[in-house]
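Chain nomenclature is as follows: A, B, C, D, E, F, G and H, assigned in order of appearance, with residue numbering initiated at 1 for each chain independently.
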């Protein structure tokens, strides 16, 4: 079969990939810089074709709760927004995690706090990985660094979501969302039928039939012992993710003295910075966490054994750097370089920071 | 080959779609590309720019501060981006409404008078194709044929009647460019 | 005739619906919630749609409704049941879907979700228990609390100049084009109970006919929150709630 | 004389003694028992069984679905 | 003057203290286990007396935005809720931080995620200190461990809030909120007059007069350079807090070999555990962070020099322990003991954990 | 008579309000927002209440309103202006407070805040710019988008069976007891502009008289979102928006 | 002196307020106190309990699993808390409705028949004061006078007419208690 | 002949050439200029100044408050 190659924005790629991976429903609310996701879906009219539902909700709060509803039925459902809208979804996200439902949430991050700016940022790292909502829960967080990954992580996200019955977040930013690149779109998958859902997802609320027990989607448990048991089960699940689902990419790290650590668009910039540094004879490598949770802590801990130092580069005031420090655990210096408020660091700046902060 | 380019102008000048055609054509010719617009709250008017990278290698950073080529289509863009041309790089600008011409001497500077011409000839809609033609004259990374083929592929059938005027604009642009 | 003789299976004219589980309901003695649960179970049983029904109960006294009616349920966040139900119904349009919401839920925090689901004419049923108070959290003022009514957050009685007026949300949504059936019922007498059941049935039938939105408001008591006996609460309901929330159909098209 | 005769069975363990059935009965059949059930409620029972006409009013208003009604045409 | 001694619930104490410290307005929405805060205020009718406004909002989202409005006017305003309600406030909180407004937010934490349980928990630590909302911002987070501190931290919270023009959170839990203890209520302070506000808070929107420039309360800045400058200013402010506002309490730490670290109600339990341990000859001390942000990292780092190990005890799956580890920086082992889902650890359990996990 | 002679200060009959700053507005050419800003500035100037006015502009095209009208402002989160204004007005009851909200803001995400502020009869003014679209974010469908109208999220035209019906929120809030004045105006002709100004003035006067809530809906154009010239947009407004949103007072008591 | 106590019963039995009067009286007598209810979703019925600590020292943990005294006012409470009495501690329970009496032998066990008595005498509203009286008979940490003074201080003036019946209940409770 | 005479002054740098004043003018005074201002807009100007009656219609509809109106009674 011929590959379906396109030149697409990251946001468009998400929409196209959603249709093709057999997504059942999208519920969203416009906000820059991600409105193209819903706009592309509306233009593509997948309801005519695959039967996918696309609905503009009255708010982000409504959208995430529509997702909760759809997810409980065993459907592949998703929503997308950008920072302020994602903040509004925190209660709903905590419910989805607490009810152990799979779903996909896309955050095309812009600069905050507050209304902030519509320019790109990575300042929602903490919110995504530490839990912006209440209670002890974790999202699986995927950080794409290209339009291709925007497309690929839709399918991956649903796969992981259903595997663990856990919400998955694609943590992107204005750059990846707005830039166009070559992307190979996946072939069209069929949406699951009701019968298939009933067979695969015994917990789905498809109507109590075939003498099964009623299915209840809930995060409520007033008996403290049972509630603790639930929570411990979640924690075990997160532990399994930590062991089995860590994804990351290394670049020129084998012979490196120093390591850059960066995710998403920042990793692209650091990639170039590595090239520049190598031209100047500085032996630096790059570790790009692809899953922000589970975080590649083991890998970083191992690197800490034989590297001289780390520079974490983020488009924020220093968030992932805490996880890097926790992984390095004092063995080597871990420095930070960041730009804020919608400003994107350039490869030269990164190189400069590397030289002044880390290289001895 | 790697070409790092920024195109900047007013919102209505077709800056983004010019970059898109360039990127699309390059993609069809097996190049790696990235196209990154500066985006703002969407209202009519205002300035717009797009960073396009065309390369035989994978594109690492889509965000740049130094460019091989800057195409500036109004005064604010010229003022802002002149300094971001790499030494030895290329600056192309449309002379329409330019009061402060560029002053750098370490770069190649070209002018076109496309805005004026397009307006005179009622070809405002393909103004950006003139600029593209001019650019390709200076940097023949892609042929006009490639661009036309790209256009043809990206335009829906019902718009194919517009191909001739686009071709004309591309050619005119190529003829129009002047080295300072 | 001896009682034992009367109490034979063939003489049975009224019994607990098979859809009601054996779990004792956690409601206070005499609470309207129980009556309405019963009616819903009966309607679903009579329509034979247990296998095709998915319900949504948001937090409120009825948060545990799923323990009592033996169908598939979603427990929803406070106020968001109409959005959750939208997700369910859009993705499973052949299911019967209903929400079961209190007045705090539907008319305060969930105002936007309620109005927009109604405006979109989502083809599901909203059962709205208007007891004029937040029962679950200990009797705070609801949007539907009557003027002068004492609650734990209006201990001097609701002062409309500060807290606003009792909100008649059924009146607000009835004119919306998406709504086909909006009615106000109660369950304080046997006759009222039977009418309420008919209304619920009609709302469910509407779904079958793909008509659009239905909302059945049950003007209810919360004897615990009102600090009265159940019987007294029923009287108070008639004297005070009905004038503000008159019983009857607001729309039926 | 009534042409129908009825009887009700109260699930005394589920009954919460709310008294609503007592109030609803048109013929004064029901009353709350002086004894309590395990949950401490004074459950409802037929104090005047002969008056029952099997009208189901009591069952209709019972929030806890405790009442089963029987009726025979005489 | 005679002290005003009362036996109050933590929630009631907050309400009484709010009136007395000259609070101008409270906006809230009921949720267990903190509804007594608004109920007490409504019963006290402060509007008759001090003129304080008390309003039951239509939702938590509305309440936090009413706070945003009131705070912009230079008023002392507050809201309170519990976990799910606090999640809903995240967008608003980020706006308040971004607009640099003072205000007080009380979270009487219950167990999550989702609807969870109404029993006490500390699982909103991350949300409170890492930023549950979007963007790089920090709340000043105060963790009371007694009813007295519930009362005291209202005034302290407002003081810090206005000093730094920053939102302040009291991170309490169901135990502290629901328990009654002796509390000495502060004397009644006067509310500020409009003239006083105009003099003290030049930024307050009291109407553009006296030829001053217009005052604008906003977190919006579309120019990236300015937005970055704003963000850097915030970061500096947070740095100053880190240097000047750290509050903590030590108990028997001088001669201790091991340290417990715990906050809020958990610290009370650990206090007892220290007593039990000492009875058994185990030399253990307790560090109780009072400010969770700024976190007492220097103090912990110093302790790390001469203690043998740490046990962090929380009513969650391990959140503050990350901050403890960041402070200890690999110098000594840092272990964790927690109970989840509404279960409160007992002093004996803590002692047991100490013995098995830390004591060598 | 020579033009220079006419253009003397003493002959000036209309000039830019002193409350409008010199900052060029970022709006698209011909946008209704500018006209309404001007009217508000004039009313505040004429009433002499610049020193006592605090305004709230949520995100939407008018998010930068504070750059143009020289009074104290709060920029509010999307949809929350009525809550923000409630905070301001309750704590500074002697100030004139108004919100300036778009249709996406007021009728979608902010539905609950709008309805409850109106229901409480908060004594401030809501200026509601109904242009049937989300202008700021690039022309998506709003709750007030007309049936069949094309937007970037309804590229085939609004399909009411999927997206619901145009929401007439002024009609919804007018019956609320808290509301004293609800009116629908436009600014597409000089006469309309003058009427709209009177309406705004009345709404502000109501605050002085402590009357309760006022809402002035301005049925507006968004020529950029509608993809028309400004003049054409005005025509389209008359032909299409007015039938759905008829001009006139809905309540004035 | 430190007394760690739990009082448990049905929701309507006045368990919480009994604990509160005890705590309040102790507070007035310069003791440190803590009062911690178990709380649930508020609906009528259900069980309730309250942990009260009275001490000369500051109270550290308000949460306990072992108690000096357990007062159980119904069967579920008795069943649940019997095992939480410290060895040598005190268990007091109301005999009404008790089918499974306690079985421990390492603690002091007392019974009262207050529920029955209160109901007979139409004194259900002060049932909890009877229990309090009984408790203070066993553990005379506070005098009845102190308690009455505390009651007087905590009740609003208009309820002071209720003081005599409370006093009576306290005394009756003291007389009623029986050691097993 | 008109009893009043008017004139308008357009702030050409603020004008965005939206054309609304041109449409609103009852006497056809205004027109968009062929030249553009610094922002590239064809600003409005009095093409037929003598027809102006100083009615302010143009100023009323101008979104950018660019128009100052003068009027004299003759």
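Heads up, the rule we're going with is that contacts are C-beta pairs under 8 Å (C-beta built on N, C-alpha and C of every residue); 3 or more make two chains touch, one makes a residue touch a chain.
Just so it is clear, the model here is predicted, and its values are computed rather than measured.
Traced through touching neighbours, the fewest hops from chain A to chain F number 1.
Centroid distances built from C-alpha atoms place H farthest away from chain E.
Note: centroid distance chain C to chain F, computed from Cα atoms, is 37 Å. With centres taken as mean Cα positions, chain H sits 86 Å from chain D. With each centre defined as the average position of its C-alpha atoms, the distance from chain G to chain H rounds to 87 Å.
Taken residue by residue, chain G touches two or more other chains at 40-42, 45, whereas all remaining positions touch fewer. Within chain F, the positions touching two or more other chains are listed as 27-29, 59, 63, 75, 77, 108-109, 111-112, 116, 137-138, 143, 162-163.
Annotation for chain D: residues touching 2 or more other chains are 16. Residues 108-112, 115-116, 119-121, 143, 160-165, 167, 171-172, 175-178 of chain F are the ones touching chain C in the complex.
Of all residues in chain C, only 1, 3, 5-8, 11-17, 20, 24-25, 27-35, 38, 187-190, 193-194, 229-231, 234 touch chain D in the complex they form.
Interface residues of chain C facing chain A in the complex, by the touch rule stated above, are 50-54, 56, 59, 63-64, 66, 70-77, 80, 83-88, 90-92, 95, 112-113, 116. Residues of chain A that touch chain E in their complex: 61, 83-84, 86-88, 90-91, 94-99, 109, 111-119, 121, 123-124, 126-127, 130-137, 218-222, 224-232, 234-235, 316-317, 319, 322, 325-326, 329-331, 339-343. Those residues of chain A lying in contact with chain F across their complex are 29-32, 35, 38-39, 42-43, 45, 55-56, 58-60, 84, 114-115.
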